[in-house]
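The following pair of complexes shares a single chain, subunit A, combined with subunit B in the former and subunit C in the latter.
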Partner chain A sequence: MAEAAPGVATPAPSFLRDRILLGRTPREYLRAQLTPFNLVAAAILAVGLPLLVLRFWKGLGATTNLSQTAPWGIWIGFDMMTGIVLAAGGFTIGAAVQILGLERYHAIERPAILTAFLGYVMAVFGLLADLGRPWNIIQALFNYGTASVLFEVAWCVMCYTTVLLLEFTLPFFEWLGWQRFLPALRKALIALTVLSVIFSTMHQSALGSLFLIMPTRLHPLWYTPTIFVLFFVSAVIAGICMVIVESTLSHRVFADRVKGKHVDVDALTLGLGKAGALVTFAYFFLKVQGVVDGHAWHHLTTGWGAWFLVELLGFVLLPCLLFAYGVRHAKVRVVRIAAAIGVLGIVLNRINVSIVALNWQAPQRYVPSWMEVMVSLTLVTIGILLFRWIIHRMPILSDAAPADAAAQHRRRA
Partner chain B sequence: MQISRRGFFRVAAAGAAVATGGAARAEAAAPAADAVGMLVDTTRCVGCRGCEAACAEANGLPEPPGDACLDTRRETSEDAFTVVNRTEKAPGELRYAKQQCMHCLAPACASACPVRAMTKLPSGPVVYDAAKCMGCRYCMLACPFDVPKYEYRSAAPRVRKCTFCAERQAQGKAPACAEACPSGALTFGKRADLLEEAKTRIYGTKGAYLHHVYGEHEAGGTSWLYVTDVPPERLALKAGVPGKAFPELVSGALAAPPLVMTLWPPLLMGLYAITRRPKGGEGGAAAHEEDHHG
Partner chain C sequence: MTYDLLSVYPAKALEYLLGAGYLVLFVFFWRYVQGGAKARARAAARTPVPTGWFGLPAGVHLHPGHTWARVEPDGLVTVGMDDFATKLVGPLPVELPPVGASVLQGEAAFAVTDGARRASLAAPVDGTVVAVNTAPPAPDDPYGAGWLFRVKPPRLAANLRQLLTGSAAHRLLEDVSEGLARRMNPELGLVLQDGGAPITGIARTIAGDDWDALAREYFLS
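Now for the complex of A and B:
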C-alpha cells in the first residue's frame, strides 16, 4: 500500500513527498486513498462531524437521549470508560519492557503506547462533547475538589496524556530526524514509564471509585466497596488482551512495515497469554468475592443475575480457560481468540457498570440516540485513521522510520 | 467482613495522612451548631401548593401547573425546585408532602464536584456556582435523593435545584416556601432545635406519627427533616437511602493516591534495579546504567 513508486527519476529529497506522501506525488497519493475502508471512514466522518457541531450549537438535549435519571450515556460509558481501559496496554507493556526488563516485548511497546495515546486523546474529545460547559474544564486547574474521585480522574487524565505525549515524541522526533533530542528522551523513557504506571494505577482504579458514591444506583452485583481493585485488575487484562489483538492485526495489516524485522509474534503472544491466564483467573475470583462481600447471592437468580453471569462466565472465565489451554498446548490461535473475548469482556464490564446496571431501578431505561452512537463511531474512526497515518510514517512497528526505509528503497531502485 | 474492611481503610488513610499530611481528606465536617434547617410536618400540610408558587416566584421559574397535576407523582425539575405530591392515608384521608433538595449535612453532590461548583455553606444551604461548573453531571449521579436537575435544552446548561433561598437567608429572611406556608407544615429554624421539636411531636402525641424523623440519619443527616404518619416513600420521599455520610463512601479509595505516589516509584525502581542486575555480579546500584532503549 505504501510502496514507493519505482522507475521515476530520483528527485531531490523533499520532506513533504518523502515523509508525508510516502514518496509519491500528491496526485498518486490521493488516488491511492480511494479504498473501500477510506470511503466508509469518510462517510462516517461526513455524518459525525456535523453532529458534533450540532451538539455544541443546540446542546445535549437536541443530540442525546440523556435525561434527569440518566445523566451519563455512551460518551462516558463507551468513549471514556472503554477508551481508557483499552489504552491500558501502554503502561502494561511499557512496564514489562522498561521496568521488568522483558526485552522480547520491546517490539510491541511502541504500538501499545501509540494506542494508549490515541485512546486517551479520543477519550478527552468524547469528554469535551459530553461536558455541558466544556469551556469551564480549565476550572479543574484552580478549584481543588479533593473529596471528589472525579477530581483525581481529571488530574490523572491530564498528567497521563502528557506522559503519553512525551513518550510519543520519541518516534515523532525520530521521524522528523531531530537527532539532538533523542538521547535525552531515551534516557527519560524509564522515568516516563514509572510515571505512566503511577498515573495508570490511580486513573484506572479511580474510574471504578467513581461508582462508590452510588450505592443505591449501581446494581448490587456490580457494586462492591472494592470496585476500584476490580477496575485496576481488569485494566491490566484489557492491556494484555489489546496488545495481543493489536499485534496480531497490525503485523498482518501493516506487514510491509515490519519487513526484515525478525519479530516472533507467536512466541510473544504465548507469553502474553500466560500472563493473561493468571490475571484473568485472579479477576474472576475478585468478581466472585464482590458478590460474596455484598451478600448479593439472591440477585443471581434474577434477570440481572443472568446478565452478570454472562459477563462473569462467558467473558471472564471462558477467556481465562482459553488462555490456559492455548498456552499449555502452544496454540496461538486459541490465545488470540481468548484475547478477543477478553477485550469484549472488559468493554462489556465497563458498559454494564456505567450504563446497563446503573440506575437499575429507574422506571425508564437509557438507550443512546443514533446521534450519540454516530459521534462515538466518528471518534473511533478518527482514532483508527490517525493510528494508520502514524504507523505508515513513523518508526512504530520497527525501529527504522518507514519513510526512511521507503526513501532508501527508492534510492536503491 | 465489613469491620475488617473499614479497619483496612483506616490504616490506609492513616498511612496516607502520614505520607502527605492528609491531602485527600473528605470534607464531611460537622455543620455549625447554629446551622439552619426546616421541619416538614406532613400531617399539617393541606396541599395548597403555595410553597410551589412562592418558590417559582423567588427563583424566577415558570408558574406551577394547576391542581390536576396532583393526580400523578411528580419529580422536581430544572423548572420546578419543589413539587408537592399527594397520597391517601386511608380512603378520603389525604396526605401531602413537598420535595426539594434535602441540603445534606455532608452532601454527596458537593463532595463529588471536582471543581467545587457545588458547596455546603456553614449556615446550612447547599449552593451551586454555574461559573465554575464544567457540566460533568457527577453531582446528579452522586445525590441519593435524585435532586440536581440539568438544563439539557440549553447550549450553556446549568445544574438546577433548591438553594434553600440562601440569598434570602443572607438578608435575614426565611426561605420563600416557609414564608408562604399558611398551615404550619413548614417550620424554619436551627436544625438542632427542629430535631428536638420533631421528636417532641412524635413522642408527645402517641400514635399520631411514625417513629422516624426522615432526614435525621438519611445520607448522614440532612438539613430538612420530615415527620409523617404514612411511610415516607408513599409521599414520594426516597426510601432506602443509606444512613451514612456519602463522602465517607469514597474516602477509603481517595486515600490510595498518596500511597501510590509514595510507594510506586521506589517499588518500580527497585524492580528495575533487580531485573537489570548483571548475572553473578555483586549487584551495585550503578550496575544498570547502560541504555536499554531502542
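Now for the complex of A and C:
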C-alpha cells in the first residue's frame, strides 16, 4: 500500500481486502489457497464434518466403539487429555515472562498463548462430541459436587478457556485497531497470567486425579496415588517441548512475518532446552518412584512392563539426556529433536493412561472406530488451519500489528 | 495381582535410596548441563564472528540505535558508537556529555555535528558519566580506542537485558548492511557491495547534505 509506485492509483483502504484477504482480491486469494496442504485439509474436513453431524444426529452408539465398560475413547484420551496437556505452553511461558520476569522469552509468549487457546477450544469441541448429552454440561457447574474431581475439571476448563480468550483479545484488538482497550488489557495481562497459572495447575493435575478412583482399572505401572503430580510435571514438560517445536516451525513456516525482528530463536531454544532437561530429569525419577511406591516392579518383566519401559526410557530419559547434551554443547538441532520426542512422549503417556493401560484386565479391549479417528483428525486440522489463519493476520509473532508497523514506518520516514 | 505386603521395609528403603540417588545425580546432571555455558563463553570470546561489512567483537552489548556498551572489570560501563554508526557519519566532531551528567538508556546522550546539522545518539545504559575520551577520534577502532565515555550504571542488569548480544547483535548489523546496500543501488539489489567494504561517511555519499536525516533514522533519534 505504502510502496505503491507514483502514477498507480492506490485503492482506498478496505478492511476485507487489507486485513482478511491479505491485500489481495477475493479471486487472487482463492487461487492462492490451492496448495497441497490445503487440499489434504479440505479432504479431511469433507469427511470429518459430516461425521460430526452424524454423531449428533444418530448418537454415540452409531459413530463410536464406546460401551458401558469402555466409556472413555480417543475423544477423551486424545482430544481432551492430549489437547489440554499440549496447551500447557501457554501458562509455562506466560509465567516465565510475566511472573518470573524472563523478558527474553516475550517473543514466544503470544504464539504459546494462541496454541493454548486453540488447544483448549478444540478440546472443548472434542468433549462436547464425547458427552452423551452435551447440553447437560451445565449441571456439572451448578450442582456443586465439590467432592468430585470432575467438578474441579469442569470449572477449570471453563475458567481457563475464558482467561485464554481474554489473553487472546490483546492481539485480536491490536489487529482490529481498537486502541482504546489496549492499555487496560496490557495492564491486565499480568493478572490474567496469574489466573492462568492457578487454573492450569489445578486443571492439569485434576485430569490426573480423575484416575485416583480407578486404582484397579489402571495398570499398576501407571497408577500411583500421586498421579496428579505426574500429570502436572509432565504438563510443564509438554509446554516447554511444544513451545520449542512450535517456535521452530512457526519461525520457519512464517519466516516473512518475523523478518527483521531480531528474535534469536536459537538462544531461546537453548534456554528452554535447559529447563526441559531439568524437568524431564525430575519427571523420570518421579515415574520410577511411582513404580517403587506401588510395589509394581514385578510387572516390569511382562509385556506391559516392556511397553512402560518404552515410554519411560525412550520418551522420558532419552529426551532428557538429549536436552542435556544439546544444551551443554549448544547444539540447537539436538534440543529440537529432544523436544519433538518429548511431545510424542507426553502424548504417548496420556494415551497409555487413559486408553491403553485403562481396563487392562477387561476381556474386551476398546479399539476406536474409524469415525472416531476421523473426527479427532478433523479437530486437529481445524486447529492448525485456525492457527495459520490467525498468525498470518494478527500480531502473534511480532508485537505490533503489520498495519500499525507500516504506519509507524511512514511517520518516521 | 500379587502385592508384596511383607516387603514393606525393602520397598521403603528403595524409595529413600531413589530419593537420595535423585538428589546426588541431580548435582552431577546440573553441573553437566551448566558446564557447557562457560566453555561456550570462552570459545565465543576467542573467536570473533565476522559480520560482513561491520565488525563486532565479543562482549559488546549493542543498542538498536547503534551505540554499544561494555562492562569493564571495575564495574564501570564503557560506551561508544558501533562500527556501523562510525562508518555512517564518517570523521565528524562528537559532542560528549560532561563528566557528572546523567544519561538514560534510549535517551539522546551525545551527538555528531557538522556546523548546523547534527544527529544525536542514545545512551545504551543508564548512569552517571565518570570519564570522557578526550583523545583524537579513532574511526578504525570503534570498540577500543574509539570509546566515547564511561558511566557508573545504577541498574545495569535491567539495562543489559534490553541490549543485543551475540547472533541477535550480528543480525542487526547484517540487516542495516542489507538496507544500506539497497539504498545505494535500489534497482540492482545485492550487486554493488560484492566488491568491498564501504568507506566512511556513507551517509553523506548517499544523502548529501541531508546526511543528518538519514543518520537520525538509523540512530532512532
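Observations on the model:
By our rule, the second predicted complex is superposed on the first by the 391 of 413 C-alpha atoms of A that agree within 3 Å, B and C clash if a C-alpha of one lies under 4 Å from a C-alpha of the other, contacts with A are read in each partner's own complex, and residues count from 1 in each chain.
Definition applied: a contact is a pair of C-beta atoms (placed from the backbone, for glycine too) under 8 Å apart; a residue touches a chain by one contact, two chains touch by 3 or more.
Since this is a predicted model, take the numbers as computed values, not measurements.
Look at A:Ala277: by the touch rule set out above, it reaches subunit C but stays clear of subunit B. When the two structures are aligned on the shared chain, A:Pro215 is found in touch with subunit B, with no touch to subunit C.
Of the two partner chains placed by the overlay, only subunit B lies in contact with A:Ala95; subunit C stays clear of it.
By the touch criterion defined above, A:Trp389 lies against neither subunit B nor subunit C after alignment on the C-alpha atoms of chain A. In the superposition on chain A, A:Leu66 makes contact with subunit B only, not with subunit C.
Contact with neither subunit B nor subunit C is seen for A:Trp178 once the two complexes are overlaid on the shared chain.
In the superposition on chain A, A:Phe56 makes contact with subunit B only, not with subunit C.
In the superposed model, A:Phe37 lies in contact with neither subunit B nor subunit C.
Which of subunit B and subunit C touches more residues of subunit A: that partner is B. Legend: residue contacts after superposition of the two complexes on their common chain; A:Ala154 is shown touching subunit B, with no touch to subunit C.
Shared interface residues of subunit A (contacting subunit B in one complex, subunit C in the other): 103, 293. Put simply, subunit B touches subunit A in their complex at residues 1, 5, 23-27, 75, 77-78, 108, 110-117, 130-138, 140-142, 144, 146, 149-157, 240-242, 246-247, 249-254, 256-257, 260-261, 264-265, 268-269, 271-272, 275-276, 291-294. Residues 56-62, 64, 66-69, 71-72, 95, 98-101, 103, 106, 130-134, 136-137, 139-140, 143-154, 186-187, 189-190, 194, 197-198, 201-202, 205-206, 209-210, 212-217, 225-226, 228, 293, 358, 399 of subunit A are the ones that touch subunit B when the two sit in their complex. If you check the complex, the residues on subunit C that touch subunit A are 1-4, 7, 11, 14-15, 18-19, 21-22, 26, 29-30, 32-33, 35-36, 40, 64, 161, 164, 166-168, 171-172, 175, 217. By the touch rule above, subunit A contacts subunit C in their complex via residues 103-104, 220, 260, 262-264, 266-267, 274, 277-278, 281-282, 285, 288-289, 292-293, 295, 298, 323-324, 327-330, 412-413.
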